[in-house]
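Chain naming follows the written order as A, B, C and D, and within any one chain the residues start at number 1.
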Amino acid sequence: MAKLRYAEALNIALREEMTRDPSVFLFGEDIGTYGGVFKVSKGLLEEFGDQRVRDTPISEQALTAMAVSAAMTGTRPVLEIMYADFLPLSLDALVNQASIYEYIWKEKVQMPFVLRTQGGGGAGAGAQHSKALDVLVAHIPGLQVVAPVTPADARGLLKAAIRDPRPVIFLEHKLLYNMRGEVDLDSEGLVEIGKARTVQPGTDVSIFATSKMVIDAEKAAELLAKDGISAEVIDLRSLRPLDLGAIKASIAKTNHAVVVNEGWRFCGYAAELSATIMDHAFDELDAPVERVTLPDMPIPYSETLEASVLPNAEKIAAAAKKTLA
Amino acid sequence: MAKLRYAEALNIALREEMTRDPSVFLFGEDIGTYGGVFKVSKGLLEEFGDQRVRDTPISEQALTAMAVSAAMTGTRPVLEIMYADFLPLSLDALVNQASIYEYIWKEKVQMPFVLRTQGGGGAGAGAQHSKALDVLVAHIPGLQVVAPVTPADARGLLKAAIRDPRPVIFLEHKLLYNMRGEVDLDSEGLVEIGKARTVQPGTDVSIFATSKMVIDAEKAAELLAKDGISAEVIDLRSLRPLDLGAIKASIAKTNHAVVVNEGWRFCGYAAELSATIMDHAFDELDAPVERVTLPDMPIPYSETLEASVLPNAEKIAAAAKKTLA
Amino acid sequence: MKNAPSIDDQVEMYRKMIACRRVEEAFGTLSKEGRTRGPIHRCDGQEAVGIGATAMLTDEDYITSTHRGHAHYIGKGVDIYGISAEILGRKTGLCGGRAGHMLIADPAKGMIGGNAIVGAGIPAATGMALSNQILKNGRVAMTLFGDGSSQTGIWHESMNMAALWKLPVVFVLEHNEYGLTVHSDRQGSTKDISERAASYGIPTEIVDGNDALAVYRAVSTMVERARRGEGPGFVECKTYRWEGFSTSDMGGYQDPEVIAEWKKRDPIKIAYDQLVGEVGAEKLDQIERDTSADVRDAIERALADPLPEFEICNYTAPYSGEVH
Amino acid sequence: MKNAPSIDDQVEMYRKMIACRRVEEAFGTLSKEGRTRGPIHRCDGQEAVGIGATAMLTDEDYITSTHRGHAHYIGKGVDIYGISAEILGRKTGLCGGRAGHMLIADPAKGMIGGNAIVGAGIPAATGMALSNQILKNGRVAMTLFGDGSSQTGIWHESMNMAALWKLPVVFVLEHNEYGLTVHSDRQGSTKDISERAASYGIPTEIVDGNDALAVYRAVSTMVERARRGEGPGFVECKTYRWEGFSTSDMGGYQDPEVIAEWKKRDPIKIAYDQLVGEVGAEKLDQIERDTSADVRDAIERALADPLPEFEICNYTAPYSGEVH
């Protein structure tokens, strides 16, 4: 077992998959010479050469379209989009191209590409570099969307994503890259897409969280424990497909649910979680599902302001208490 | 009172506002010489000249960004995006620009622009020309999103949208343009953004619908009436801001809700309606909210296939019965 | 002559142009009769571009097309019965009726595919060329696109990357003077769009788009360069749209006299004149009769085919495990 | 000389360049000390572009900027205390701490605004020019942007519309050879990006971007044309980035010798040499001392200012009526 940084775990996953399969290639802005602005692709240009590790111009729209079509024609592209805030530029290629081809072309094509990006706040990056925007991609049929939190999941899901025959949007978070965790490098470590992870079991309330919010949910569970409340924390890991079985099982135990997502509230990913729970576990619920999200406004820059809008352990704990009240 | 087509009502609204305010101008693809592919801007080039009615190149991304900045600098642009399927191309200008400026620049700017587009299926236009995608814009703080169904609302909301100091995304539907309805041309006819419309009162179940789905909901109510079920049909009209008061009042009466939206189900607009109702009317609900939406897959072309995926009166009536069962 | 097609190739191009013309006419009529779903984007008068530009490609090479792709499909060897059944939304269509008239593809023939997002075929072919370069498979990707689509941002992003990385992609501009209803002079600031491509360092050539032979020659030079690893090429084919944007076009903005002038330069007539000395009128007339009958048969067969039955798509479902 | 600034204008440009340099140095230091939030995108060595290009504009004219906009802001007359307080996230910042270091704007000065979506300022200025043309208000819009941003699709879409409609917009390319960490040779296929602009029919000029006078002359020619209604202009200013992409840049990809060569061509030194004969060393030195003190005071004042208190934004709320 090695104690690795999240960014290192991703780097290892890329190296492993590129070594295993020569059709895997990386492209994106500043991923080559510099090794990526978050250093996820460090050393890979030297190891695999500039055909398979390509620095690109700032052209997200065409790059994403190229990932889709390259994936249809024999390669397995891994595209890095530097900030999730730029996903709108990728969206036509995702919703009007990647989403439809396999179905409308009667399963005669597949698109095994991975789009890696990172979103989220807390770094003072301002209104254009701090958003989650995960719901924009989670809405699209034909895409899979994962958001690992631990280094082991980062490695395992990235490897699974690269091997998957269908598109995967791989969501990282700028505050996760330096977090450390155990990774078993002696095993393949593949993590199946579509399976949630129970971070900690509990009996009073279920907290379902995505991406970096899982860390905050864990802290909230500690706060709640002090008040004698036993929270079950579930890391959804896969936003699409969603592990409905895990959600139902947890609510069957606790009868109370809090959903936590770093995107905006209105029409955000947390809305789907709330609606899904209503659809499938209404009778088990003793109180309405509580949503903990960003408020519906732009993300401000200054520390005091940004801290006020971001979800955190206190807000999650308060929501849990509210649903139990 | 005149009996007008929806497209004519829009045309009149544009003419009225352009006459009233010389800072209003129109631009978009094929809106000038041809009068728009749905003929909404017919005759306006001749009347107002090519400075204020501009045919554009196929450049949705820059056009939308230009609408935002033109609106900040003294004009009131009305941009036509031919199909809602192309909204991804507009999205950076909406979510990273229009959404943030007023707030981050401390209310020193405003952006009175209208982006008109039309979405939805039923015309055999295929996977790239039939989508609603309304949730993509309804998610964005700082935008308002309206979707009128009647010719009178089309005129009244378009005039209100053009006069509004903030951005409005104005969603039309390709199957509505030829529908007729009474329009009182002797009155200004302004319709306030953010107010729902009760299409028909009822006592057993509330059906909340958007855009063309309102027509299907009305038909569903007729079907339900035959079975002795009294459905209240509410045309939300404004997707953002949403008329929560109207929703709560209706559910307080019926204790049952069906939400209908033509977008995909997962993370779609109907998910927010469901979650909103959970948040604000959980105790009033006798059964979970039923969502009637497109299934989570691409929209196929052939008539038999497309008809199978689109929501319709039968599906809505079935959902209403399910929630009452 | 260098890069000239053989006489057999030329005859085959002639046959395909006839086939395409019959397809356009037949669907024009069917549409008028209300027997198609949605409008048809006819390419009568532009056949020389799609057919001349694809004639030197193999099934291993890729092309991407547009909403106006009939000549591209036929040029790339896609079966006319399958195309027709797809346009008609039949179960037997190339895509089982799922794709429809603007989005047809035939991966087995390297035609992937039609695209109704204007401009989207351009980065698509560029990405295929990127695949080809990485796999070193000697394949070429080609994209056929319109003057209107040349004003999209992805055009620029694609030109730049193709030139920068010397990708094996050939850009074929089908300049028919209109993007929907607006003349190209009012959509773009540059008359010859290939001038812009040249500013990226891409070799360009402008040809008479109604002369399939001229199209073939110019394009095959670019295809050979690309195949040799020398990078992209750009051919601007000047042609004209005879039949309006689509069958739902209400017209009124194209000058009938200009149309009449262009009709005098019918690409089929030009091809006929180029060939008749070599192969004789009899053979060409026979080809015309046979091909017309083939197309008629194919479309009639397609018209008699059943519509598909709906099945939910499972692999796009949003829940994993038990729920689909 | 035609389009030359007056000596007073030149002195003012000199003063602003000094001010900007002091801002860059001060924030470089503050960032190293961990006293800024997020990285700072310094423009030391590039001041002549932003300041030379904006010197002939009025407060009524508009500019749009980038993530690296300090010289643009200062050139356009925005207050350095307000800028500094905003970078530091203070309540007293130009935008109350909401915008932060990359998104500063000052609508009263026509600076709207910084933009951290690469390329987004380009259509923004084009849209402002469209407004100006419709309102016939005689205003000009200018956008300053980088070599990296010239590879975005909106660059192309904007060039085309600006040229097609003869919009009063001036494009000022600040070519500092890098887009983040990748050299422009590996981002674009065209060495002189203005060649591409020329292919749209836009008048272009390439100038020494370290010579504020040269920048001023070329840009003011374009501004005058635009103001007269003759359409857009494009000036490519060749300069170089001294201090890495931002203060969080780990470096290792720029050649120290190349940096040293460029530092010999310090724009402030060039401006000094151009002025010293006219106004004398004493006056210039006095300006340097006074300006440096002013900047130091402004930043110290900003550092002492309070952080803002949070208030929810009501006008973006998703429910109408009672709920906000």
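Quick note on the criterion: a residue touches a chain if its C-beta (ideal position, glycine included) is under 8 Å from a C-beta of that chain, and two chains touch if they have at least 3 such contacts.
Quick caveat: nothing in here was measured; it's all calculated off a predicted structure.
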Legend entry - Chain at maximum distance from chain D, centres defined as averaged CA atoms: C
Inset, instruction - Please work out which of B-D and B-C is bridged by more C-beta pairs in contact, and write that pair. - result: B-D
Legend entry - chain A and chain C: spacing of chain centres that average the CA atoms, whole Å: 40
Legend entry - Between chain C and chain D, centroid-to-centroid distance (C-alpha), Å: 45
Legend entry - Inter-chain centre distance, chain B versus chain C - centres from mean C-alpha coordinates, in Å: 36
Legend entry - Residues of chain D touching at least two other chains: 98-100, 103, 115, 117, 151-154, 157, 160, 164, 186-188, 313, 316-318
Legend entry - Shared-contact residues (touching 2 or more other chains) in chain B: 56-57, 59, 61-62, 85-86, 92, 96, 99-100, 103-104, 126-128, 141-142, 240, 242, 266-267, 296-298, 300-301
Inset, instruction - Please name which positions on chain A make contact with chain C in the complex. - result: 23, 25, 51-52, 54, 56-57, 59, 61-63, 65-70, 72-75, 77, 92-93, 96-97, 99-106, 108-109, 141-142, 166, 193-195, 238, 240-245
Legend entry - chain A residues touching chain D - in the complex, by the definition given at the top: 29-30, 32-34, 37, 55-59, 61-62, 85-86, 123-129, 265-267, 295-298, 300-305, 308-309
Legend entry - Residues on chain D engaged by chain C in the complex (per definition of touch): 151-157, 159-160, 163-164, 186-190, 195-196, 198-202
Legend entry - In the complex, chain C residues that touch chain A: 62, 64, 94-96, 98-100, 103, 105, 107-108, 112-113, 115, 117, 120, 122-128, 130-135, 137, 141, 153-154, 157-158, 160-161, 164-165, 313, 315-323
Legend entry - Contact set on chain C toward chain B in their complex: 37-38, 89-90, 93, 97-103, 115-119, 148-149, 151-153, 179-182, 186-188, 250, 252-253, 307-310, 312-313, 316-318
